[in-house]
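The same subunit A turns up in both complexes below, where it pairs with subunit B and then with subunit C.
Presenting the complex of A and B:
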């Protein structure tokens, strides 16, 4: 019965592409799929409604300049645009997070990123508009809800004319969008100019950004900034994972236009290089939402590694908090480092040696050395015992007592090692590693997708005159039973305790986030199917058999449905909304005139 | 993916210059090599399909109006100062090849002068705009040009000197200013145009001319580059007959 249901309504939950189908010449689905237009109307008219700074706000919250004042220490010198709101607490966070902490000697230019909690509950007037754009984004590229990202370009150079002897300044982009590669490219263009030419440069850059199209997934966006044009494409959730739609077209003139092949992917191979024997164990730790800390020599390395960790379970969205760069001044410092509770499900990247002591009790610690020294790769590397991590100069490696559920995949290690020996380009190594993680994650998630799809009620249980049927509940035992026949063994040759891994995963925040998202999508699909069924009914014939009171009640209910469909952007067949509207009008017209006047009134906001 | 190019952006013949006394060249048609190339390999025309054009000039001479008359077909009577730089992209089809102009409309205000150089880099054409009814704006044109040229290679940049607000000048005044403008154009090797964004007079012809000439220059530059490559190939082939020729190692990249 359940199986039948999933067949009938099979399209609700998109099954990941068949892993074997990796033919590079095949047309990617994104090129064929035309995005369903939102019920709100065409995009052109929506864009026309935007006010000054709306376009800017769709990309960035603000731009900050953080400098060093001899008396005050780090301080936010400029916030642009000037009307942007940041609470004092947020400003303090930005101050500390925009500079390398302690004694790290980052001379020259450094780029890194951080993430911090949004202070007050400020509402954006753009909210509804941005949701439309966000709907088509893959889960891991959706706009952040309670956090901001800070993308930093830090410059530290000797300057004898200054009292401190050094010029130290950061240009920081504050945004809710997780497009790390894109924002770092943007800063590479903006920051050096800013440090030379000061505020008019910021003003002009912000003005450039305020003319950009809104960040809509799936479109090729042309973004003029400071004399060059950046070309990007934000992936959609309909893209085939692991493919890129934007190809470098011929030799583009870097002075005139720059094509970014990715907006968010970090170089996984470079980031995992220092600990690459343990990648599979790290994947498990991230998947399970284990408390993890990365101790690195600089913010650039800590933030790169944390972002690599978070993205290694893509297309799953990492559901807990993560901080690419975390300092002792962070407002969550106490909360996250307390010894009175078990370490929280978070991933922290730190550089301050003080953390070696503060986080000694954490179950999993990754220590990385200087990534720049690309020396010979060790032949083998053991997982290190936690008790050995006491001193500040502990050796690089992974310190944990964790026993992985899955057996180690020696092939990927050998393949990458061979690449190192043969001096295979880093981009190729990165692609191999990314593909490996993707296949692993998909093998893991496909059985869950399948089971959850079977929770959808049968189409025939949807009746226009009853409320939509409920999704059946997720029952762990039922799911585990499906693994026997349709488990990850179908797509992965890895052996090991998959059952144990699932059991652990079902308790993790990552499962919670994933399931909640799926449930919302499926509930919306049910609502949509219900509404479509309702529109197919002959309402006039129906009300003829009913009293006036019932007819009025019907109008009110239909109006509610209409508002809901518009507010939640229900995935309706095109034309459904129009049909519903004409139904409402027809029913109203069949009523006595005095009632018509009342019901035609638009609902008061 | 993109909609077809608008009809009035399709260029099949080289548009005429405005004044033969101050033109970049006065030939009747596109360079024969360019024509031949476009006929032979339309699809291969990838690397020269875009040109960066910067528009400079005094405050309120009408740079933004000139561009919006062309790109949007509209003229606004209210003045709004440009902050930093405005940007428009305009698509053409020249001799059957898709070609785009990136139009960077810079601010005339003094306050933004320091950032201008950032925006000037890599331009293939510079349009210096002055107000036909203001002699001052013409005398400043030389300075604008010099600033813009600092960031660019003088041998590869096309210059245009454009007088705007033609509708506001009396015939006498116009004749006098034009004489000076043409003199300056000759001196700085620019092509002179007089237009009115308000009436639209000359605007489309002017931008078609800009598109055509930058396109032609791009194709010729490309031909020169590939030409030198051909020569190298020939040398290499001759080399290979020598005994000391070692074949290039195949890379191990996957």
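Presenting the complex of A and C:
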């Protein structure tokens, strides 16, 4: 069903108008297309309540301009909108992370991204609204909780009129949304104009963004920005993974409108090209949440590779911290590089040669050479021993003592190699690789999904007059036993120590995050079923047999349920809430008047 | 029926009523106390023209001087430009002439130009004679109308005229915006002007 939905949407990009409308000239200018309404669909009225800058905040925290001051070094020159809040610590992070770390000779324009810890807990007034929008997003596209992304467009050009001899500046978008491809495309439009036309340009851009529809998964969003219209669709968790959502229309002038086929997918093939022979091992390392560092010649290459790593286990969400570009100035530098404890479960992308020494003790190191010197790939067959890694001058490759659990899949390597020989387009190579990872991850995760689904209590154990039944606990042995008959062998022809891989995975932060999310969903489902069962009961009749105290108790409990259902947005059948409300009212009305007055009062917060 | 996206930009001095024209066209409403535009505002409206649907992607630019340099972003790729002046302000007509010059030098080669003399309801305060403006428009082969966003006069007509001058797409599916060249126009459209 999800697939069908997406196909329909794909077509609607080209002809979004309702052609049945007799008076075509009266078609409204707003043309967001909604999915079949999900639960709680009052978004339009909610959007009407948004205040100035709310829409902007739904997309971006702020926009920064980072420049180089001869006396101060890197400095945030402008923060837009001016009222945006950033702590000093956050500003410092942004300053260092927005410029290439070492003199990596990034002459011209470079784009990369970084991620940093949110300094203080800043509660958005939009919180509730954004949660609703986030609910339908796939796990790996949900809004970040404790981190920000920084999307950078860095320009370095010779300029003799400047003391330093160079113009160096970054335009940085700070956001909690992991839409890496989208923000890069956005910057590609914004930054060159900004560098030429300065502040009025930022003002215009922010003003455009503040009139965008909020980032709602499943709709086709029309986003006008600086004379161009971007069209995107944020995937939903109901989409069939691996299906492309938007199609290019035949007539498209990039000065008029641009359709982005994806908002978050990076080119896996291009990013993994230098370490192509080890992709399957890298997939295992990421899946298991192993400490990984990518040493690359530039922030663009380091951030691309880290993003590719994190996304290769999609639709699983990578649960640990990852830093597409990490510098020695980062506030977590000490925490992550200490030798007093085992390396943390993080993926770091670095460019500073200093890290070759600092992170020498790390178990897995990926060295990326200059991606422009391609064609070297075929030589790097062997995994390199860690002791061979001394400096950043070391040869590109993967340095690790790790022994993969699964046997190597020669077919995918051959298939991709053949593609290289036949000069198959990079997009096609990327699609092959993406599908390969998707199938691998799905083969791995399906047995877990199946087992966890079996932990759900039977429907008949749900009684309206008892608390909802508990999920049965996850027992590793039980799960392992299911693998014999319903293991990954059903969907993958790869042989190897799958059991060992699962055992290791169950201890990883990725499992933890995945299971917690599943458990929450299932508990909510149980709550919902319970509430629905309760609504089917004849409460008034039941009350007649009970005392006043018990009736009051029931009202209070039902009110609690109602609040919970609304707060957690339980996946209820439509109409349940209304039914519950009328039940509550009916029970209250059956009580003496003095009690009625008290119970009707809205609960004090 | 096929749908074509046509980028249209509005240019002109501050306060001449660019946003009001767009509001009247898209929402059919008028607000005398509209705020000055920042950068540009964007609206769309789709109209049927013969066998096609023309979806106007309208970029209503700010007239204020500090946004002047941003204009190329909006006329770049435009199929048409509506240059607006205020019939009660001679200065705004001079500004219009500068916009025509800029479009000629830097705008898309085939852009359709429409000149709108707005606030034609304020005849008592008129400073720009209709004939002068019309002669000028004819000399550059531009569409010319006097409009009133307030009284909804000639607003839809501007866009209809633009639709008429947008050439039919060839079977090859060439991109939109193949209009008539400024200064070199087919004789047929000249007839419609006179």
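Going forward, the second predicted complex is superposed on the first by the 560 of 605 C-alpha atoms of A that agree within 3 Å, B and C clash if a C-alpha of one lies under 4 Å from a C-alpha of the other, contacts with A are read in each partner's own complex, and residues count from 1 in each chain.
Here, a residue touches a chain if its C-beta (ideal position, glycine included) is under 8 Å from a C-beta of that chain, and two chains touch if they have at least 3 such contacts.
Worth saying up front: this structure is predicted, and the values here are computed from it rather than measured.
S.K.: So, does A:342 touch the first partner subunit B, the second partner subunit C, both, or neither?
M.R.: neither
S.K.: Does subunit B (first) or subunit C (second) touch A:107, or do both, or does neither?
M.R.: In the superposed model, A:107 contacts neither subunit B nor subunit C.
S.K.: After superposition on the shared chain, which partner residues are touched by A:490: those of subunit B (first), subunit C (second), both, or neither?
M.R.: In the superposed model, A:490 contacts neither subunit B nor subunit C.
S.K.: Where does A:220 make contact in the superposed view: on subunit B (first), on subunit C (second), on both, or on neither?
M.R.: Only subunit B is touched by A:220; subunit C is not.
S.K.: Counting only touches as set out at the top, which of subunit B and subunit C does A:589 meet: first, second, both, neither?
M.R.: It touches nothing on subunit B or subunit C.
S.K.: Just to be sure I follow: which residues of subunit A are touched by subunit B in one complex and then by subunit C in the other one?
M.R.: 193, 197, 200-201, 203-205, 207-208, 211, 222, 224, 226-229, 250-251, 253, 255-257
S.K.: If we count contacts the way the header does, which residues on subunit A are in touch with subunit B in the complex?
M.R.: 193, 197-198, 200-201, 203-205, 207-208, 211, 220, 222, 224, 226-229, 249-251, 253, 255-257, 422-425, 428
S.K.: Sort out for me which residues of subunit C touch subunit A in the complex.
M.R.: 1, 3-5, 7, 9, 26-27, 38-48, 53, 55, 57, 59, 62, 66-67, 69-70, 73-74, 76-77, 156, 169, 173, 175-177
S.K.: Give every residue of subunit A touching subunit C within the complex, in rising order.
M.R.: 14-17, 19, 24-25, 27, 29, 31, 193, 196-197, 200-201, 203-205, 207-208, 211, 222, 224, 226-229, 250-257
S.K.: Which stretch or stretches of subunit B touch subunit A in the complex?
M.R.: 1, 46-47, 50-52, 83-87, 89, 102, 104, 107, 111-112, 114-115, 118-122, 252-254
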